[in-house]
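Two complexes, one shared chain (chain A), two partners (chain B, chain C).
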Partner chain A sequence: MKTVFTSELKPLLEAFAEQTELYVPKKSGEYYTYTKYKAGSDEPLEFNNIRTCTTVKEFLFPVCELAATYPEPTEPKEIRQFAVFGLKDCDLHSMAVLDKVFFEEDFRDALYIKRREKMFTISSDCFDPAETCFCTLFGGKSFAEKGFDLNVSKVQDGFIIEAGSEKGEEFISKNSGLFSEVPAAALTQRDEGRVETEKQLKQNNVKYKLDADVKEIVESSQDSEAYDTDSQSCVECQACTRICPTCHCFYLYDTKQSDYFSKMKMWDSCIRCSYATVAGGENPRKVLGDRIKHRFMHKFVYFMDRYGTNMCVGCGRCLETCIGGTDTRELLKKLSDEFKTKK
Partner chain B sequence: MKKVLTTCPYCGTGCMFYLVVDDDGTLVGVEPSNEHVVAKGQLCVKGWNAYHFVNHPDRLTQPMIRRNGKMEPASWDEALNLVVSKFKETQAKHGNDSVAFFSSAKTTNEENYLMMKLARAVFKTNNVDHCARLCHSSTVLGLAATFGSGAMTNSISCMEQADCILVTGSNTTEQHPLIGSRIIENVTNNGAKLIVADNRKIRLARLADIHVRWKNGTDVAFLNGIMNVIISEGLEDKEFIKTRTENYEELKKIIADYPPERAAEICGITPKEIVDVARMFAAADKAMIVYSMGITQHTHGVDNVKSCANLAMLTGNIGLPGTGVNPLRGQNNVQGACDMGALNGVFSGYQKVVDPTTREKFEKAWSVENLPAEPGLTITTAIDAAAEGKLKALYIMGENPMMSDPDQNHVREAMEKLEFIVVQDIFPTPTSEYADVILPAASYAEKNGTFTSTERRVQPVRKAIEPVGQSRTDWEILCDVAQRAGYDGMKYNSASEIMDEVATVTPIYGGVSYERIDQVGLQWPCLDKDHPGTPVLHSGKFARGLGMFSPAAYLPSKELPDEQYPFVLSTGRCYFHFHTGTMTRRSQMLDREERFPYVEISIEDAKELGIYDRAWIYVATRRGEVKVMAHVTDVAKKGVLFMPFHFEEGPANLLTINALDPIAKIPEYKVCAAKIRSAE
Partner chain C sequence: MCNSVVPKTNAHECDGKLYLPFQCKIESVQELTRTEKLFRLSRKDGKPFGHKPGQFMQVSITGIGEAPISVSSSPTRGDYLELGVRKAGTLTNAMHELKSGDEIGLRGPFGTFFDTESMKGKDLLLISGGCGLAPMRALIQYVEDCRKDFGNVTILYGAKSPADVLYQSELEQWQNSDKLSCQVTVDTVSSGTCWDSNVGLITKLIPPLDINADKTVAVIVGPPIMYKFVTLELYPKGLSDKDIIVSLERYMKCGVGKCGHCTIDHLYCCTDGPVFTLDQVASLKGAI
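This part shows the complex of A and B:
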């Protein structure tokens, strides 16, 4: 695939903004959030060192959307072309997980698929990772190898742009005036940077390294008390499922409008007590600890059984938004220790 | 897609978040703010869902007028002209005080200020009040009497610094989750001591070093017992008492009547529990009291509050980070609504209406004459006056007394007797069923303004979308009413201009302006443009000079259980719903969690009576009977029932007693006698 060089990002983004909606990271406290790029604006562009605090799933699978109306069906909302800049390897992994779910035969989700097709993915390399990042525990990297249309690596004098798809190649060809050949020194610098970041990530997470396969560990944790202990500080804000880039449970409900009914599709959360409530009111997971356990089982066991991959991409967003201060890594490590003792 | 930084419309914690708006102008979600000092990138379940009700199809979108007994659509002109003419007519016939105005803790500071200005300057009555009457009026008066300022003394960040936290009458993790989580963090990470004095086994109680499950309504005896132990064991802060307080001898005299044995007997606990709490609290370097409705909503609410203040002063825990008396305010802007003078006896900044110099100042500022001098009716006494036929017309902005006030049948009688009722709200409510005019208001997402959080932090509210239908912001409606009533002094181009006026007449808000509160707000008192705000009150000196020990003797609650009504019924809120449920019950994902009115009952009582979990039962008091679902749980103590008041179809306030604290006029929502029977 084509790899080119540019000393400035702004012209590249302007080129995007001309033909499509473009979302870029904007600093928010210590972190970044997405904001719509305003073409021609003087605002300085921020190159995010780590993933944003919000997730890419919001672009593909909004919190709440109209799924259908009746008695008369309505035309679905027009979905325009859009591009997202600054996605990280963990984001791309999360998209791969969602793709498995929403592209699955017999359950193809038209709304998701439409958005996915309209999306142009621009990823970038991480540098200076956050303390909460733990992608390397789950095979993630500080840079993307696949799943992007374009990838941007920041080096000292500019940016290396790599195409990862036909769409990406096409963009580079069409805008060839913006790019030049990549200096060899820049490539070396990029590769050295990648190794350095990787090292940092591994170092940050060395104490959380698991002693066995995560599926095996979690699967054997059915009787563990760790979930109940953890639930003591949980205040059920449900941010973990909301902010998780791979959590995808949704809820369909009907609302009465003035002269029609609409069926809405809305994010759900397995941390909610009512999530597992059945008709008649019985609930197999009334205890909070059981719900936390169920979430882990889904992430690391059931999903693996069904799709051949686990659901955690190690982005660490759940650590930041948890009011109760739960650290997924710590809980997994605790389970891992228990697993080792059992063996 | 755009993101608008604003303040959460639910509890008083005051988290700021971004409202995410789609390109077509609809709200699509909420994103926490990483920059904000309280939210820190986090939100509770209500915050995450705070966008959902805004576009609900039930929104009021058009003014309505009752014609021949039926509500019919009307124009703004018709509706507002009718409001003004009816109010004027009523006043001409029955006097200025025959009308009353209910302001709202859900609306902005600017709107509360205008509501009290409308009542006082235009309609010349002090009959203006809001729902703080029902939640923290005892705090406002109790802390003003002891410290000189009726607000939370410290900041939310202080929760992380205390060595010992006494939480009493506050289910913090459910009602102020981001404050609750700070308490948990301090306890689990720093080993701070946690004392929970609450007869429900709330989440914090499960982590507490000591959990005291006293009898509802025996707070004064309990706190006096603790102080008795502290004094008799010489654990008091003698230096603080000597240099910072007065009336200590009086305290000692009254406290002497509450040795732990006697206090424990009143409270239904062991003397050891009292001694343990006293020693733990007094031993801490920085000890803090956190309380909420469990302290305030009693016929002795003011005594309860004063006793908390006494304990803090006795141990020198005032004026420093990590200490203080910290009432947690329940609504987004209940602090601000009080600050703005939407109370019967004060102008903005707690400046008393009885003081002639203050009146003169406001007369000059507002270019009016003869501002009324006598404190007016409160929410509770206004309902009583209406039921007696003395009050004739009522203007209700964003309140729902049919659901929130005690003894619903009494409120209904009052509503039926009133000759003219205006309801200004975002949704139809059981109260609006009695309205003669309904004025559709804009929601928090559709207007600019400010809310003041529980830690006295004045924060911006920003418009993210256009008002739905013909709805208008409350401040614009109020200004329009004033103008139609012939008053020229209420014309503003923006909410910011209103705040500028507030700053000129309100010393504690003297330095507040939109420019300064842009990102994280400002904590009052903020006296002038250069004042940095005040995170901790009463450092070095109390607002009233010396702290006033105000001892109280234990008085039993008005209606105690007896043979006929053997249970104590206590009411409050649950995690997923808010107040009268107008917003949360229209938020699908919140309503799903608690869909039915319910009552918490202890496992022991349920067993004895053969009631199983989720069975339908009747709860009855001397006021009426309500069908609710039984939640059999260890959260409830034997002999005590707990009912949230969110549900129209099972209104807890049909059962509560209209007994008021003699000073604060707050109703006793926390104790009345009840009985139950199966409904199946």
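This part shows the complex of A and C:
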């Protein structure tokens, strides 16, 4: 795949903004969120050193969307081409997880698929991971190797742009005037930077290293009390599931608009008490600890069995957002210790 | 007749519109008890429903909501679809207000079904409690229509009280039939109520039965508590978890294995179920 160099990003972003809606990271307090890029604006681009606070799932599977209308069944609202800049390897992994669910044969979700197909993915290397990042525990990296259309690596005098798909190659060819050949020194610098970040990530998580395969550990934790202990500080705010880039529970509800009825699809959370309650009042997971355990089992065991991949990408958003102070890594480590004792 | 009407695929026909209901007309509404009604529906586009006994539909009333309801009729009876509905929540309360001629939205059929192919040649023990008779009725109708395919057929049905007994005329018909055996019991009879059948829990009806364990399939549909105690009576008869089929109730929301509400551990009740063999779910904590 083509790899090129540019000394500044602005012209590249302007080229995107001409053709499509472009979303870029913007610092809000101590975190990054996404904002629509305004073409021709003087605002400097904020190159995000780590993942944003909000997730890429919001672009593909919005908080609330129109799923069906009656009468006059309409095709999903026209979705325009859009590009997202600054996604990290963990974000790309999370998209791969959602793809498995919503592209599933027999039950393909047209709403998701349409957005996915219209999205241009521009990833970038992490170079200053947060203390909460733990992607390396699950085979994640500080830079993307696949799943992107273009990847941007920041080096001292500019940016290395690498194509990861035909769409990416095409963009580079069409805008060849913006790019030059990559200086050899820049490539070396990029690779050294990547190694350095990787080292830092591993260092941050050395104490959370698991003693066995995560699936095996979680699978053996059916009778563990760790979930109930954890639930004591949980206030069921459900923030962990909303901020999780791979959580995809949703609810369907009906509303009446001025001239039609609509079925809406809205995020839901398996941590919510009445989440699984049936009309007769039976609730298969009444106890909060059981719901937390079910979430872990889904992430690390059931999803792996069904789709052959782990559902946690190690982005660390859940531990940043938890007001009860739950740390996924600590809980996993605890389960890992219990696993070791059992053996 | 039996083979021609049962569709081969299990995929929900949706043309990519997973969440859009198709419109149906209510052909008739029959009051079964104080809290249950039977709705007969036909598709407005005239297409067959393609349902099999044991499957469920997502029923929606525009602007009100959507709920999963088991199919109560067998496809061998014609292109219509019947739903026996208990008034239990928002949607079913609104549904009970509907009259013949009204419109209603449906998605589905969804989920696994009673595998009548593998039941061929077997003796059937069909045990249901409460509104578990609604999905069981679809299977019973199927068995009646393809009676030659099966061995002995025994129906056991339990309700809380005589006033709660569903499908009374059909039960009477099954009880009087020489092609199958049918016993009905109620938990209690209040004084002054006329009742000339069994009184007591459904589990009491099992020990006297003569069961050939080698060729019997038991199907159980009812409230969660029933599964536990009925299976305890079936084991001494020589039946194992592989011979016992159950249909489980969960909150199916999307119907297509994505939204997560109906999960029982790793299983999605909407796509892996609602019909399971007991050995699939017996070891799952909280499944039954």
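By definition in this document, the second predicted complex is superposed on the first by the 340 of 343 C-alpha atoms of A that agree within 3 Å, B and C clash if a C-alpha of one lies under 4 Å from a C-alpha of the other, contacts with A are read in each partner's own complex, and residues count from 1 in each chain.
As a working rule, a residue touches a chain if its C-beta (ideal position, glycine included) is under 8 Å from a C-beta of that chain, and two chains touch if they have at least 3 such contacts.
Only a predicted model underlies this, so the values are computations on that prediction, with no experimental measurement involved.
Within the superposed three-chain model, A:40 lies out of touch with both chain B and chain C [touch as defined at top].
Of the two partner chains placed by the overlay, only chain B lies in contact with A:28; chain C stays clear of it.
Using the contact criterion defined above for the overlaid structures, shared-chain residue A:67 touches chain C, although it does not reach chain B.
By the document's definition of touching, of the two partners only chain C reaches A:278; chain B does not. When both complexes are overlaid on chain A, the residue A:242 reaches chain B alone and has no touch with chain C. In the superposition on chain A, A:305 contacts chain C only, with no contact to chain B. Within the superposed three-chain model, A:109 lies in touch with chain C and out of touch with chain B [touch as defined at top]. Judged by the document's definition of touching, chain A residues 251, 253, 255-256, 268 lie at the interface with chain B and also at the interface with chain C. Every residue of chain B that touches chain A in the complex is listed here, in rising order: 1-3, 18, 24, 28-29, 31-36, 40-45, 47-48, 52, 56-57, 173-174, 177-178, 180-181, 184-185, 188-189, 203, 206-207, 575, 588-589, 592-593, 614. Residues of chain A that touch chain B in their complex: 23, 28-31, 33, 35-36, 53-54, 58, 62-64, 77, 232-233, 235-239, 242, 251, 253, 255-258, 264, 266, 268, 272-274, 281, 320-325. Contact residues of chain C toward chain A in the complex are 11-12, 16-21, 23, 60-67, 88-89, 92, 105, 223-224, 249-251, 253-254, 256-266, 271, 285-287.
Those residues of chain A that touch chain C in the complex are listed here as 67-68, 70, 73, 101-102, 104, 106-110, 222, 248-256, 261, 263, 265, 268, 270, 275-280, 282, 284-285, 290, 294, 297-298, 301-302, 305-306.
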